[in-house]
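The letters A, B, C and D name the chains in turn, as written, and every chain counts its residues from 1.
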Amino acid sequence: MGEGTGGFVMSINEFFNMSGYASYVWGSFGLAFVMLVWQIVQPLMEKKAIIESILKNQLRRRQRQ
Amino acid sequence: MNDSLYLAFWSLLRRDLLITYRNRAQAINPLLFFVLVVILFPFGVGPDVVLLKTMAPGIIWVAALLAALLSLDSIFRSDFDDGFLEQLVLSPHALSVLVLAKVIAHWLVSGFPLVLVAPLLAVFLGMPADAIAVLVLTLLLGTPVLSLIGAIGVALTVGLRQGGIILALLVFPLYIPVLIFASNAVQMAMAGFAVSAQLSMLAALLLLALALAPLPAAAALRMSLS
Amino acid sequence: MSDIVSLETRNLECIRDDRVLFSQLNFSVKPHQALILEGDNGCGKTSLLRILCGIRLPDQGQVMWNGLSIQESISEYYQDMVYVGHLDGVKGDLSVAENLRMCTALGSRSGMSIEDALNKVSLSGYEDVRAQVLSAGQRRRVALASLLLKRCSLWILDEPFTALDRTSRGVFENIMSRHLNQGGMIILTSHHSINLTDSSVYVINLSA
Amino acid sequence: MNIVMKWIHLLGSPPYFYRFSGKLLPWLTVICVGLLVWGLYGGLVQAPADYQQSDAFRIIYVHVPAAWMSLFIYVSMAIAGAIGIIWHVKMAEIVCITSAPIGAMFTFLALVTGSLWGKPMWGTWWVWDARLTSELILLFLYFGVIALYRAIEDKRMAARAVAILALVGLVNIPIIHYSVEWWNTLHQGPTVTKFDKPSMATSMLIPLLVMAIAFKVYYFIALLLRMRTELLQRERNSKWVKELVGLS
C-alpha cells in the first residue's frame, strides 16, 4: 500500500483487503462498533421503558381517584 | 479496654473451635473433598507417573483451593442464621479483630488439616521427598491467605440466598497470585532449584492478607446485616 | 450516669423498596423512661429498631446518643446499648452457660454471675443444658438473661415477649421495671399490653 | 474555589444532575464522533503498514485503547465506590455501579481483539500472554462485581457491597498483574512479550492516542446515559421525576 495517504482511488480494494487480514481487522473494528453502539442503545431503551411504566402508574392512579 | 478485646478474641476463637468440635463429623468434609479431587486426576490423565509427577503441585494446590472454597461458607453462615452475628457487630470491640478470630478458627479447622494430608497425596502422585517438604511449607503459608480473602467474599454473600456460586466468582480471581507462587515453588523444588523467592512472596501475601483482609470483611458484614 | 444521657432521633426517615415507612421522626428517650413502638406488621418497627442500633443506615436524619451522632461515637454507644432482636443469638451446640459467657465476653459486664441471671429469668439449674434441647420460650429467656449480665443503660428489644408464657412475661416485666428505676432506658416493640409499674412509659404508633 | 464546591454540591442533587447531563451529552457526542473519525482515519488509512505485521497491526487501534480503558474504568469505579462508602455520596455510588458494565464491555473487547490480533501473528486464537491473561482475570473481576450487584435486592446495600468488592479488587490488581507477568516470563523465558506494541512511528502513535481519548469521552457519555437511567429508576416516585415524565 502506498506510503502515507497514497492515491486514494487506487487503494480502495487494498484498503478493504488489509493485505489479506481483512477478516481480522474488520472483524475487530466491526465488533468494537457493535459493542460501543449497544452500550449507548441499551440504557436509552431502559430509560424509555421506565418512563412508560411511570406514566402507566400515574394513569392508573388518576383512574383510581 | 483492650484487655477485654483480648478476652473477646480468645473466647470467640475458643467458642468456634468448641462448636466445630461438637459437630466434628461435618468438619471432615473439606478434607475428604480435597483427597477425592486429587484422587480423581489419575483417572482423568492416566496413571503415567512422569505426567502425574509434573502436574502434582498444580493438582494438589487447585484441590486445596476448591476445598477451601467449599468450607468458607461455614465461617459466618450459622451465626448469621441464629442472630449471633448481630451481637458480634453490636459489640464495642473492633469488628475486624473479631472477624480475624473467626477466620483463624476456620483455618485451624479446615485449612490446617489440608497441610497434614497433603504429604500422603503427594506420595500418591509420585512427588520426591524434598518437594513434599516445600509443598507442606507452601500450604502452611498459603491456606491462611485463602481463608482470609475468602472471608471477605463470604461476608459479602452471607445474606444472599444462593451465595455459593457468586462466592467462587468473587474469590477465585483473588486466589490466583497464591496459586501461581505456591505451585511454582513446589515445581522448582522438584527440579532442585532454590525456592526462597517464591516462599518469601507467599509470606508477603500472608502478611498483607493478615493486615488488610479483616477490614473489608468487617465492612461487608455490617453491610450484609443492614 | 451523666445527666445528658439520652437517645435522640432527628427527622429520621426510612424507605424500603420504594415505600416510605416513616419520615420526619423525632423523639428522645431519657433515663427512667420506656418507649413502646406499636403499629401493624410491616410498618417498619423492626427497621426503626435496627436503625436505632446502628445496624441499618437511615435514608434521612440521624440518631444521637448523648448528643453525638452514633456513627461518630459507635464504640461508646455499643458500650452502653444492648439489642435483642427476633433471633435470640443462642447457639444450639453450646450449653446455656457457654452461650451467656460468650455474650458477656463481647460487651461490658455487669458483674452478675450466670447463676443469678438464670435464677432471675427462672431458668436456674439450666447452666449445662445444651441450648438445642430448650424450647423457644426458654431460649428467649436465655437471651433476656444476657441483658442482666451486661452493664448497659439502654435496652433495645424487638418483641421480647414472643414465645413467653404468662408467668415469664410477668417476671420479665419486673426485671424491666427495676432496670427503669435504676435509671435505665428501654425501647421495645410489642403486640402484648405491658404494665411497667410507676415508670414513665411513652407510646409511638408508627402506622398512625 | 467555593464556586467549584457549590457546583459539585449542586451536581449531587439528582434533578440538577439530570438536567445538566442532558445539556452536556450532545456536545460530548460531537467531540467523541470527531475524535473517532480522526483516530480511525489516522489509524486505518494514514499510518503506514507495519513492516513485520503489515496491515494486521491496525487492530491495535482498537485493542490497546480498549485495554487501557478496561483498567481505567476499574480504577475509577473503585475510587467512586470508596467516595460513596466513606462520605455517603449517592452520586458516587451510582457512578460505581453504572461503570461496571461499560468496563466489562471494554475488557471483553480488548480480549477478543487481542485474540483476533494474535491469530494471524501466531496461528492460535489464545496465547497465555501476560497482558492477555491479566485482561482475562480483570474480566472475571468485573463479572464478580456485576453478579454481586444483581444478587442483592436492596440497591443501597448492593451499592455498598460493590464498592467494597471493587476496592478489594483494586488492591489485588497490581498483585495479580505482577504475579501473572512473573508466571508468564518464568514459563516462556524473558522474551519480549508478544503483545509489546511494535516500535511506533509518530504517524502510528498519534492515532492511538486520539483513539484513547475518544474512548474516554465515549466512556463519559455511556456513563452519563446509564446514570440518568439509574436515577430515574431509583427516584421513580419522587416529585421531580413525575414532573419530568409528565412533561415529556
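In this section, contacts are C-beta pairs under 8 Å (C-beta built on N, C-alpha and C of every residue); 3 or more make two chains touch, one makes a residue touch a chain.
What you are looking at is a predicted structure, and each value in this text was computed from that prediction instead of being measured.
Trainee: If you tally the C-beta contacts, which comes out ahead, A-D or B-D?
Mentor: Of A-D and B-D, more C-beta pairs in contact link A-D.
Trainee: Which chain has its C-alpha centroid farthest away from the centroid of subunit A?
Mentor: Max centre-to-centre separation from subunit A belongs to C.
Trainee: If you average the CA atoms of subunit A and of subunit D, how many Å lie between those two points?
Mentor: Chain centroid spacing, subunit A to subunit D, equals 17 Å.
Trainee: Can you compute the centre-to-centre distance for subunit A and subunit C, using the mean CA position of each chain? Integer Å is fine.
Mentor: Those two chain centres are 57 Å apart.
Trainee: Just curious, how far off is subunit D from subunit B if you go by their C-alpha centres, in Å?
Mentor: 33
Trainee: Centre to centre, by mean C-alpha position, how many angstrom separate subunit A and subunit B?
Mentor: 45
Trainee: Specify, in ascending order, the residues of subunit B that touch 2 or more different other chains.
Mentor: Residues 226.
Trainee: Show the residues in subunit A shared as contacts by 2 or more other chains, in ascending order.
Mentor: Residues of subunit A touching two or more partner chains: there are none.
Trainee: Which positions in subunit C are in touch with at least two other chains?
Mentor: 57
Trainee: Which residues, counting only subunit C, touch subunit B once they are in their complex?
Mentor: Those residues of subunit C that touch subunit B are 50, 53-57, 75-76, 78-79, 81-83, 85-94, 98, 101-103, 105-108.
Trainee: Give the list of subunit D residues in touch with subunit B in this complex.
Mentor: Residues 85, 137, 140-141, 143-144, 147-148, 151-152, 157, 160-161, 164-165, 167-169, 171-172, 175-176, 178-180, 182-183, 186.
Trainee: Using the touch definition from the top, list the residues of subunit B that touch subunit D in their complex.
Mentor: Those in contact with subunit D are residues 152, 156-157, 159-160, 163, 166, 169-170, 172-174, 176-177, 180-181, 184, 201, 205, 212, 216, 219-220, 223-224, 226.
Trainee: For the complex, which residues does subunit D have touching subunit A?
Mentor: Interface residues on subunit D, with respect to subunit A: 40, 44-46, 48-49, 54-56, 58-59, 62-63, 66, 101-102, 105, 108-109, 112-113, 116-117, 119-120, 203, 218, 221-222, 225-226, 228-229, 232-233, 236, 241-242, 245-246, 248.
Trainee: Show me the residue ranges of subunit B that touch subunit C in the complex, using the header's touch definition.
Mentor: For this pair, the touching residues of subunit B are 4, 7-8, 11-12, 15, 18-19, 22-23, 78-79, 81-84, 86-93, 98, 222, 225-226.
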